[in-house]
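In what comes next, chain A is part of two complexes: it sits with chain B in the first one and with chain C in the second one.
So, the complex of A and B:
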């Protein structure tokens, strides 16, 4: 009796699954990376595509298409393949330098609204035509996820702050904050992450180095695993007049923001706590002496303070706000408008203080 | 207290928890954040608390109404005794239609989610026919099978709502919630109206009350369920507000599903397909409960066999689903439904409460 009742349910559930189009892995082409460039007579889109051959074996292709708009790039690319293109495995979207400077809002909007695209999609800017980068990846690495893995690796164990499609759209659509994306450079036929490209609205304004990327990472999140080089000059080293360096690795950091006043010109103090591990120190520093370590902590603290102040004034000069200072002020004021804040952004007062603590001096 | 329903159809008092859950958590939980934020911005979580507490009050009234008679009757019988046969039955028929439309709207919304997220090219008719057959199977099994499905629905949806909230925590910005109060009371009340729309459906209690074994004992469970559901909505909306910046939230239609896109599992790269499929069970339970209430009402009012009215309702849903494609009409229907629900919950129930209490005192005097 029970079986007779439950049986139709199973049958019906099985029938349900037959209503959809089947998509079998060796009957489709997966798009792993897309790139968008601006060329003389319109826009060029390039896709890195893989076709599944047999277990553990896929073949990579690079396809190009040109048109006057980037919309519908995938459907145009579809006219060049024998199997339908699927975007579900898209991991990387690249923008050429000129197209990033002209604005990438429509593309970002497209990705954001498409339910097939993962929020973990990585976006990036290339220092020349982005299609070149895809060609290089195909030629040298033959690995579809190379670029996105490279970014993720650098977020986990490097200076890159956490970025992906979700973070970028959070910054792009959110008021009082601006977007930043990883910046790729090609030299001698090799790819490397050179830093971050900072945007105002959807247009790229400046790029910053990996060193400054660490400062940004410290300002917006825990900078764990990032590393930084601090010049120190001790009495002993003065002889040659050359500078020695300390290479430090961040173990933990936290930024505290205090809004002192909101009107008429906001004033913000930023307090940073940084716990570090010394990876490398000049010979003359005695790492067993408490006194010298405290001295070192102070030197590093004031160096960071100077660098962050320099970094913040660079941001203000270019009117970009990747740190989200506008959002911070918004959260402390009853009335706030993005337009009004933009006008005073260049003159807001920021003061920085950095507490460095050396937790680990390495094996020496 | 004598119960008119046969012992073998009754359910334990605590099983009211899954029933309340499936009726109060609908497809709306996948996108209510956006509509709430439209008026009160990121202060909208206050509306959730407001509506949640008001529902506690309404629930207390419902229990008072239903306890006012000794025979454990449902609301249809109470209507006919208090308003006479004709007026009472008109109200009863309105209640039947209300539940029926509630079920249709839920059905429609779920099909829309499937089409948008899982199978964009799937045809509506075969899909909805199969769903309708599943619903027929559940409802014709009687109240206990509806309860059983609701219980499954509760377990299955909790299995993904709670982990979802934990897994997006690394991406949240608590600063988004500040400043705490920068919207007017009017805005917050407007948001509360769309929040009430999410909670609509729990009035089915008015009809299934006689099916609970020792009904008065179920009151504490019902309140517990409402408290828990409010808490869940609150957690979800606060998490959503911290996860999305306000401008970003304006751009998306299904925030709860969209949030799942950030989660990556060891086997599943994308969880949302799994989540939407599991959601099917809860949706079926919610629709079944609504239709069961409608059929029960038809039986009490017009003495029509539940099976016959069930088939009529389901065919009606199929026809509406297939022929009604104009989005503006659909929008109008759901807005009308939500207005009716507002008056039903905040108008009809308090009035009934007053009427039954007066009558009770009158009889005593």
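So, the complex of A and C:
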């Protein structure tokens, strides 16, 4: 009785589902990074693939293909390898400067749709052709995850705000906010992260420096571990032209947004709390004196206020909204529309107040 | 566990429920003298020579008038004349014989003819070790085993019911339980199932286990069988029934739950934090042992995207020269391990050790060197074999080793989804299982929150003062929690 019931179930399971298509891990060719460029006669896709030859060492290869569209690039590249190319271990997608300026919506949509692609995939923009960057990685490092590790490391212990495919699709598809991606620069054959590329919809508009990236990080999340340099002038160094710097490291920060008014022109006040640790201070500052530290906190606060206001006006000027002010206003008003807000984005009132606290003065 | 007894007759009647409680009547002149004793606790030869023979010889030339005379008659030092019922009960269960002059006499003589509680020279546990705690195990002799149990459970309510099973072997089988504590439903079920058995030969109690079990279409053992005395005593005082057959050092206890198989007696001898920790380690070991190799097959065959990036290189490198798909690779190693275990169990001890070296080092190293398996898999298979042996009950570790194979096959066909299909089937099967009509997966299904105290973790003795309610004992309180660890400092008095 039992067997009579259970046997057809097994048979049906086996017949109806058949076997899944196996992709044995050493019989496939893993794509670790992809890049998309716009060239004179269409689009160029480049893939960074790896082959594991000996223990702890990876050999990298770069494959190119050119066509009128980026779609199906991997299947075109398949004609050049002995094992099938698989995108499941893709950790980095790069866009060339021209390609990013023309729009990267199709590629993001393609990544977003594919369940094999990790939502922690890192996206990035390069200041020239992205394929060049992959060639440099292949030449100088034999580490397939070099670029994504570099970005992640900078998010954890640097000035980059948290960004990956997950965050970027939220920023891209979400109303009232815009996407931002890490921006790579190639200098004398070396790669570095130069800051952030800010997008409006899927088109790159401007790029900002790492210094401004810290301000953005502070505005949208906890800026733990970010570094910043604040110029100070003290009594003893009042000589003309000489300026001293304080290097601070953020231990914790929190931004509070208050929407004072929505109609007709929204007004938002931003209150920032920043707890810092002094990495470096000029010699004349007595770190044991309460008064001087309070004085320093005030100077730093007003400096941050100035910088953030400058940064916000830069964003308004370029009509990009990585902070998500539009989304903030949308959450407070019933009749919000993206088109209307875009028109008034440049004139919305923002006031910033920054409260800095020095929690730790020792150098670490 | 206390029973209120009013007089000696009640005690004798209650004790009479057990089949090892004996009454001998001897005739001294005109007088019929009754001697009561537990045959499993006394030394029969000693009783014959120094009690019965002496009484009979003396009665030839003089007559016994009152019970006190016995003291002068019998050449045994430890004789007590008393009518204190508690004392009589205590001494009776320690192997004393009761000599009663007339029927319904309240005053009787307690004669010490106790055996050394059936302890033979070599009855250490052979397969279930513990570092802390007693090492007393059962032997092949039924009476010795019952004596071992009686020596620890000082209760007249410890009932031993003997029945004969086996048309050819006529094996003595004893059902052991505590009267007034164990739920009668279980006792009746066991008794009925044992009497219904129609088999020619009973070699071992594990045969009874299979005959009694509620479902024979399962790889899971439905009863705990153990050779440790402390384990059986603990299950008896919790309200379980034990079954033992003559000629078997294993006692079957039931109804059991899935968690009983992962409980070691040592958990109770260690502080509860450590006991709980080791129990959790054991449960983790089982899960690891069940799923590690099938996960390896699923991930390397289908879900390469789930490999963490730091593991990618070592994993691919170790599999680089292996010509088989992961499924055959795993099957090859798993079967090798099963060969080793099976051969090791059959071989004499000394050769067995050599085999371990041959198997472990030579085959393991050579298989990797010959690129038949990857060394990561070798580690996984060895670890999962090791983890399957952490289970204290051997029958359960067999089950776990067996269950690995369906999972490996499922993962080779459908990958991770296959494993989940397998887990689904396994869960459905487990929650349908019953042991003596009681659910097998209690306290998880049906959910019994109070029984969690002694399942995944072993709580402290202050909390474990009640018997597990899922066993439906007739009295639930074991002791009062406040008095367990009552401590008085000297200056507090």
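Operating definition for what follows: the second predicted complex is superposed on the first by the 336 of 364 C-alpha atoms of A that agree within 3 Å, B and C clash if a C-alpha of one lies under 4 Å from a C-alpha of the other, contacts with A are read in each partner's own complex, and residues count from 1 in each chain.
Simple rule for what comes next: a contact is a pair of C-beta atoms (placed from the backbone, for glycine too) under 8 Å apart; a residue touches a chain by one contact, two chains touch by 3 or more.
Predicted model only: the values in this text are computed from it and were never measured.
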Exercise for the section: May I ask you to decide whether A:55 touches chain B, chain C, both, or neither, giving the answer as first, second, both or neither? Expected result: second
Handout entry: Which of chain B and chain C A:118 touches, first, second, both or neither
Key = both
Practice task
Please work out whether A:12 is in contact with chain B alone, chain C alone, both, or neither, and reply first, second, both or neither.
Solution key: first
Practice task
Kindly classify A:169 by the partners it touches after superposition: chain B alone (first), chain C alone (second), both, or neither?
Solution key: first
Exercise for the section: May I ask you to decide whether A:177 touches chain B, chain C, both, or neither, giving the answer as first, second, both or neither? Expected result: first
Exercise for the section: Would you check which partner chain A:40 touches, where first means chain B only, second means chain C only, and both and neither mean what they say? Expected result: neither
Handout entry: Partner chain(s) touched by A:109 [first = chain B, second = chain C, both, neither]
Key = first
Practice task
Based on the superposed arrangement, let me know which partner A:328 touches: chain B (first), chain C (second), both, or neither?
Solution key: first
Practice task
Would you mind checking which one, chain B or chain C, touches more residues on chain A?
Solution key: B
Practice task
Check chain A for residues that touch chain B in one structure and chain C in the other, and list them.
Solution key: 19-20, 88, 118
Handout entry: Interfacial residue positions of chain A with respect to chain B in the complex
Key = 5, 8-9, 12, 15-16, 19-21, 88, 109, 112-113, 115, 117-120, 164, 166-167, 169-175, 177, 327-328, 330-335
Handout entry: Contact set on chain B toward chain A in their complex
Key = 116-119, 121-123, 126-127, 130, 133-134, 137, 141, 171, 173, 175-176, 178-179, 182, 244-248, 250-252, 257-258, 261-262, 264, 269-270, 272
Problem - List of chain A residues in touch with chain C within their complex - result: 2, 13-14, 17, 19-20, 22-26, 28, 30, 52, 54-56, 58, 86, 88-89, 91, 116, 118, 145
Practice task
Within their complex, state which residues of chain C touch chain A.
Solution key: 217, 299-302, 304-305, 307, 309, 312-317, 319-320, 322, 325-326, 413-415, 417, 421
